[in-house]
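Presented below are the structures under discussion, each in the form of C-alpha cells.
Below are two complexes that have chain A in common, paired first with chain B and then with chain C.
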Partner chain A sequence: MLTINKTAEKSHITIALQGEVDASNSVELDEVIQEALDDNIKNILVDGTDLQYISSAGLGVFMSYLEDFNEHNILFIIYGLNEKVMNVFHILGLDQLITIIDSREEAEKLVHEA
Partner chain B sequence: MVKLPQIQRGKIYILLAVLSWMGLLLVNLIRVFGEINQMEGVISKEITWVLEILFFIWLYIYFNDSIKKNENRNFIDFIWRPASTGLIATGTSFLIIFFYYLLGDSRLSKDLLLMNFFYHVNFAVVSIFLISTTLSWKHLILYQKSKAIVQQWQAYEVILLISMFFVLISQASFNYGFMFGLIFLIIYGAILSINLKWIPYLTFREKWKSILFMVIIIACTVYLFFRLVSYTQQNIHFVNLSENLFLLGLFVFVLLYAVFSLLVTLFNLPTSSVFEQKLTEAISFQKLSQSIKPGENEEQVLDILMDSCMSAAYVDAGWLELHPSEPEESSKIQLQKFISNGERQEVLELLRKVEPFASYLTKRSGIKKEYLYGQIPHETYKSVLLLSVSVNKKSLGDIFLLKEVKDGFNKEMINIITTFVGQTSISIENHRLLNEAIKNERYREELEIAQRVQRSLLPSELHHNNSFEIDGFSAAADEVGGDYYETFRFDNENFALIIGDVSGKGTSAAFNMSQMKGVFHSLVQLNLSPKIFLSKANSALSRCLEKNNFITTTYYTINTSMKEIHFARAGHCPTLFYSQGKGCSRFLNIKGMGLGIVRNEGYENYLEEGYLKYQPGDVMVMYTDGIVEAKNQENQEFGYDKLRLLLDQYKALSAREIKSKIVDEVYDFVGRETLPDDDYSILVIKFNA
Partner chain C sequence: MKHELKLYCEKSRLSELRTFITEVLSTTSLNDISQNQLILAVEEVCANLIIHSHDCNPNSYISLKVRLSDDNIVFEIRDSGKAFDLKKYKSPEVNSVVKEKRKGGLGLLLVRKIMDKIEFETNHSINTCRLIKKLNSK
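== the complex of A and B ==
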C-alpha cells in the first residue's frame, strides 16, 4: 500500500510517501514526479518519514529522474528515511547521487540557501 | 459345415407352410369325398388337426422371421402391412363369392369338393392375415419395451402355442374348457393391448393414416370372422377348422388391439401438436446446449437460438441486435427474420415510445428482468417480446420477437424462450472460456520454455579447486527471475565469481539477467580488476538497460595460492564474511553503485575495491536482497542480523550444509505455504586450505 500526498508551498513542493513502494505502485510515484517536472518546479522534497519499504522498482523511479534533475537544475531532496530504507538507498549507492538528509528543517534550509 | 443363407430360410418356411396347407386340403377333400360316398373312417380328424397346427406354426415362424428383418421400419409401415393383408384376404373372400355368383345355380355351385377347396383358401388367407397382424402388433407392443412387457409377450406366445393343441384334447365344441380358454385368451390379449407407447410419437398426419388403417383392419377382421363362421354353419360336412382356440384367440387379440389403438389415436389427435412442439423444443434445447464445436462460431449458435425461439412461440417476425463490443461502434443488426428493414425501423420507433421498452431502449440500462413483454400499436405486429442475451454479465445483444396477434406470448412460451436464451449464454460463455483456456495454455507453455532457458543460464556446476567448496541455490518468485550467479576459472588458482540481481522481477528481469550473463562472459576473459570490470560492465549495460532499470552485482576474483580475494560491489547487498581468526561474521561494506544508475564516465568514482586475505575455515556468503527482505506474516523482514547470526551458528558446517540451513531458515521464516514475492539466491564458499 502506498499513499502519496503532494503539498505545494511557496518555494517547493513536498511529496510525502506513506507505506511501501513496490513494482505494483511505483508507477504512481513516477507520475507524481513527472507532474512536478512538467510544472517546472525547481525544488522537490520527498518526505520519507512514513516510508516503510522501497523495492528495486521504486528505487528505479528515483534513479530514472536523476539526469532530468541535473539537467534542469532541480533540487531534489529526500528526508526522514528510517534506518532500514536508508540502508537500501545506501547499499545501492543512491545516497551518493541524491541528497538524503535527516529532517524537514534541514531540507527547507537547503531550499532557502539555494 | 453348410450354412443356409438367410433368404432361403424364409422360403423354406413358406414351402413348409404351403405343404402343410396342401396336405390339409388333400386330407379334408378325401374325407369329404369319403363322406359323400358313405365311406366311413377313412381318415381320422386328428390328422387334420395336426396339419392345421403345423400350418399355423410355419406361418408364425415365417412372419416372425420376416418382421424381425424389418425392425427399423416406422410405425405406419407396421400398421399398413396388416391393413393391406386384411384387404387382400377380404378381396379373396369377395372373389370367391363373386365366383359362385357367376356359377349361378349350376351343378358345380353345389359341389361340396369345390366348396371345400374354397373353404380352405379362405381359411389360409384368414390365417395369414391374423398371424401377420399379430406379429405386427407384437412389434408395436414391444416398442420401448421393459423386461416385464417382454415376459408378458413370451408368456402370451406360449399360451397361444398351447391353445393350438387344445383341439386335440377336447374335440367337443364350445364346452366349458374351450370357453374358459377363450375367455383367458381374451383377457390376456386385452392386458397386452394397453401397450400403446408408440402412438404419441406419430405426427399429426401419421395419426390420421393410422386411424384409417385401423378402421380397415377392424372392418376386415369382423368381416372375415363372420365369413368363416357362415362357411362352417352352411357346410356341416366340413371339419371345422375355425373352431381352434388359437385362431379365435388371434381374432380377438387383433381386433382388441386395433380398437384400442384406434381409440387412443383418436383421443391423442387434439394434443398431437403440443407433443410435437415439445419434441422440437427438446431438440432445440439439445442443439443449444451442445457446446460450440471447433470451426463453428457464436453466430451459428445465435442463429439456432433465433430459430428455436421463433418456432417455440409461433413468432411471426424477429431480429437480433448485437451490441457493439467497443463503445464507439454502432449496434449491428443480425439474423433479421421475416421482416423488412422498413418495418423493423417502424417497430423500433414505436418501441422507443412505449413502455416498458422505452426506458430500456433509450437508457440502454440493463434489463432487470430477463425479458420485457408488451403490446405496440403497430398495424401488423401487436405483441413484442424483448430479451437480452448476456455473456459473463455483459450484454451481448437484444432479441426482438414480434407476433401479429395481441397477447401473443403466454407464460409457457416466455418460459421456454428465456430458457433457450439462458442456455445460449452458457454455450457462448463456455466457448469463450475454452478459447481463453487454449490461449492461456499457450502462454503457459511459452513461459515454461522461458523457465527452462533461464534455468540453463544459471550454472549447473560451480568452478572451484581443493582450496574451497562452493554451493549455490536460486529460486524465482515467478516463472522466471532476475537473480544471477556464475563462476569462471582462469587457471588452477585463479577464479572469478559474480552474483547479481536485476531490478524488478519476472520476465523483464529475466531478459536483463541474460544480458548480464553475456556481459560477464565477455569481460571476464579480459581478467580485469573488479573495479575496472564493473566499470566496463556499467558502460556496456548503460547502453542496453531501460531508463529505470538497473542491476546490482558484486564481482570477486579469488587467488587460492595467495589466499586473497579482490572484489567490488555494484550496489549489491554486502557480502557476509566469517573470519576464523576473529571468530565472528561481518558484512563487507564498501562503497558501491548499481550498474546502470550513472550512465557516464563518472561511474568509476563511485566504486571502491575491496581486498582481503582469507584463512582456512573462513566462510563467504553471497546472496540477493530477496533473502534479507523476505517477509513473514507479521510483515517483518528476515534482515541482515538474522543472516549474520545464522552464519555464526553454522560456520563449522560444509558449504552445502550452510546453504541448506540458511535456505530452510528463510523458508521457515516466510512460511512454507506463502509464495515468495522476490527471487531468492544464495552462494556459499567455504575455504578449506
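== the complex of A and C ==
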C-alpha cells in the first residue's frame, strides 16, 4: 500500500511517500515525478519519513530521472529515510548518486542556498 | 523448520509475500536490516518471474519454500514459466541504468549483493531457483 501526497510550496514541492513502494505501485511514484518535471519545478523534495519499504521498482523510478534532473538543473533531495530503506539505497551505492539527507530542515536549507 | 507459500502471479500479491517472509524470519535472530534485505531479494526474484515469465497471469503461481537451519536460510522458488536462469543473466552496471534512463535492471543486482549463493535448475519444465543466505555471515 502506497500513499503519495504532493505539497506545493513557494520554493519547492514535497512528495511525501507513505507505505511501501514495489512493482505493483511504482508507476504512481513515476507519475508524480514526471508531473513535477512537466510543471517545470526546480526543487523537488521527497519526504521518506513514512516510507516503510522500497524494492528495485521504486529505486528504478528515481534512477531513471537522474539524467533529467541534471539536464534541467533540478535539485532533487530525499530525506527522512529509516535505516532499513536507507540500507537498500546503500547496497547499490545509490546514496552516492542521489542527495539523501536526514531531515526536512536540512533539505529546505539546501533549497534556499540553491 | 520449513515454511511454504503459494504465490499467484499478480503484482498486488507481493505484499502478501512480504508478510509471509516477515513472519518466517521473525523467529530468527537476524536484525531488521538483514531481514529486510532477505525479503527484498526474494521479492525481486518473484516479481521478475511474475512479470517476465508469467506475464502477470493470475491463474499461474510460484511456490516458495523457506528452510531455516542453524547454518543458513534457503529460499526455494519453483515455477513452471519460461525458464530464467538468474545465474546466467548479466546485470547492468548502475551507471548504464542511469544513462539509459532505465527503470528496471536493478533488482537482480540487489539479489546478487544480498545473497551468498544462487542456484538454478530446470527439471521436467519445473524451474527451481535457490537463494541461500549463510547465517553469521555479512
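The definition used in the following text is that the second predicted complex is superposed on the first by the 114 of 114 C-alpha atoms of A that agree within 3 Å, B and C clash if a C-alpha of one lies under 4 Å from a C-alpha of the other, contacts with A are read in each partner's own complex, and residues count from 1 in each chain.
As a convention for this text, contacts are C-beta pairs under 8 Å (C-beta built on N, C-alpha and C of every residue); 3 or more make two chains touch, one makes a residue touch a chain.
Note that the structure is predicted; figures quoted are calculated from it, not measured.
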Check: Is A:Leu66 contacted by the first partner chain B, the second partner chain C, both or neither?
Finding: both
Q) Thinking of the overlay built on chain A, is A:Ser24 touched by chain B (first), by chain C (second), by both, or by neither? A) second
* Thinking of the overlay built on chain A, is A:Met1 touched by chain B (first), by chain C (second), by both, or by neither? -> second
Quick check for you: in the superposed arrangement, does A:Gly93 touch first (chain B), second (chain C), both or neither? both
*Using the superposition on chain A described above, determine whether A:Ser56 touches chain B (first), chain C (second), both, or neither.*
both
| query | So, A:Ile41: does it touch chain B (first), chain C (second), both, or neither? | reply | neither
Counting residues of chain A touched by each of chain B and chain C, the higher count belongs to C
Q.
Taking the superposition on A as described, I'd like to know which of chain B and chain C A:Glu83 touches: first, second, both or neither.
A. second
Exercise for the section: Considering only the touch criterion stated at the top, classify A:Ile74 as touching first (chain B), second (chain C), both, or neither. Expected result: neither
Interface residues of chain A shared by chain B and chain C, listed 23, 30, 53, 55-57, 59-61, 63-64, 66-67, 84, 91-94, 97
Listed in rising order, chain B residues that touch chain A in their complex are 501, 503-505, 547-550, 552, 570-574, 591-594, 597-599, 606, 625, 629, 637, 678
Given the complex, residues on chain A that touch chain C span 1, 20, 22-24, 26, 30, 53, 55-57, 59-61, 63-68, 83-84, 87-88, 91-94, 97
Interface with chain B, chain A side, in the complex: residues 23, 30, 53, 55-57, 59-61, 63-64, 66-67, 84, 91-94, 96-97
In the complex, chain C touches chain A at residues 11-12, 14-15, 18, 32-33, 36-37, 39-40, 43-44, 47, 50-51, 94, 97-99, 101-107, 109-110, 113-114
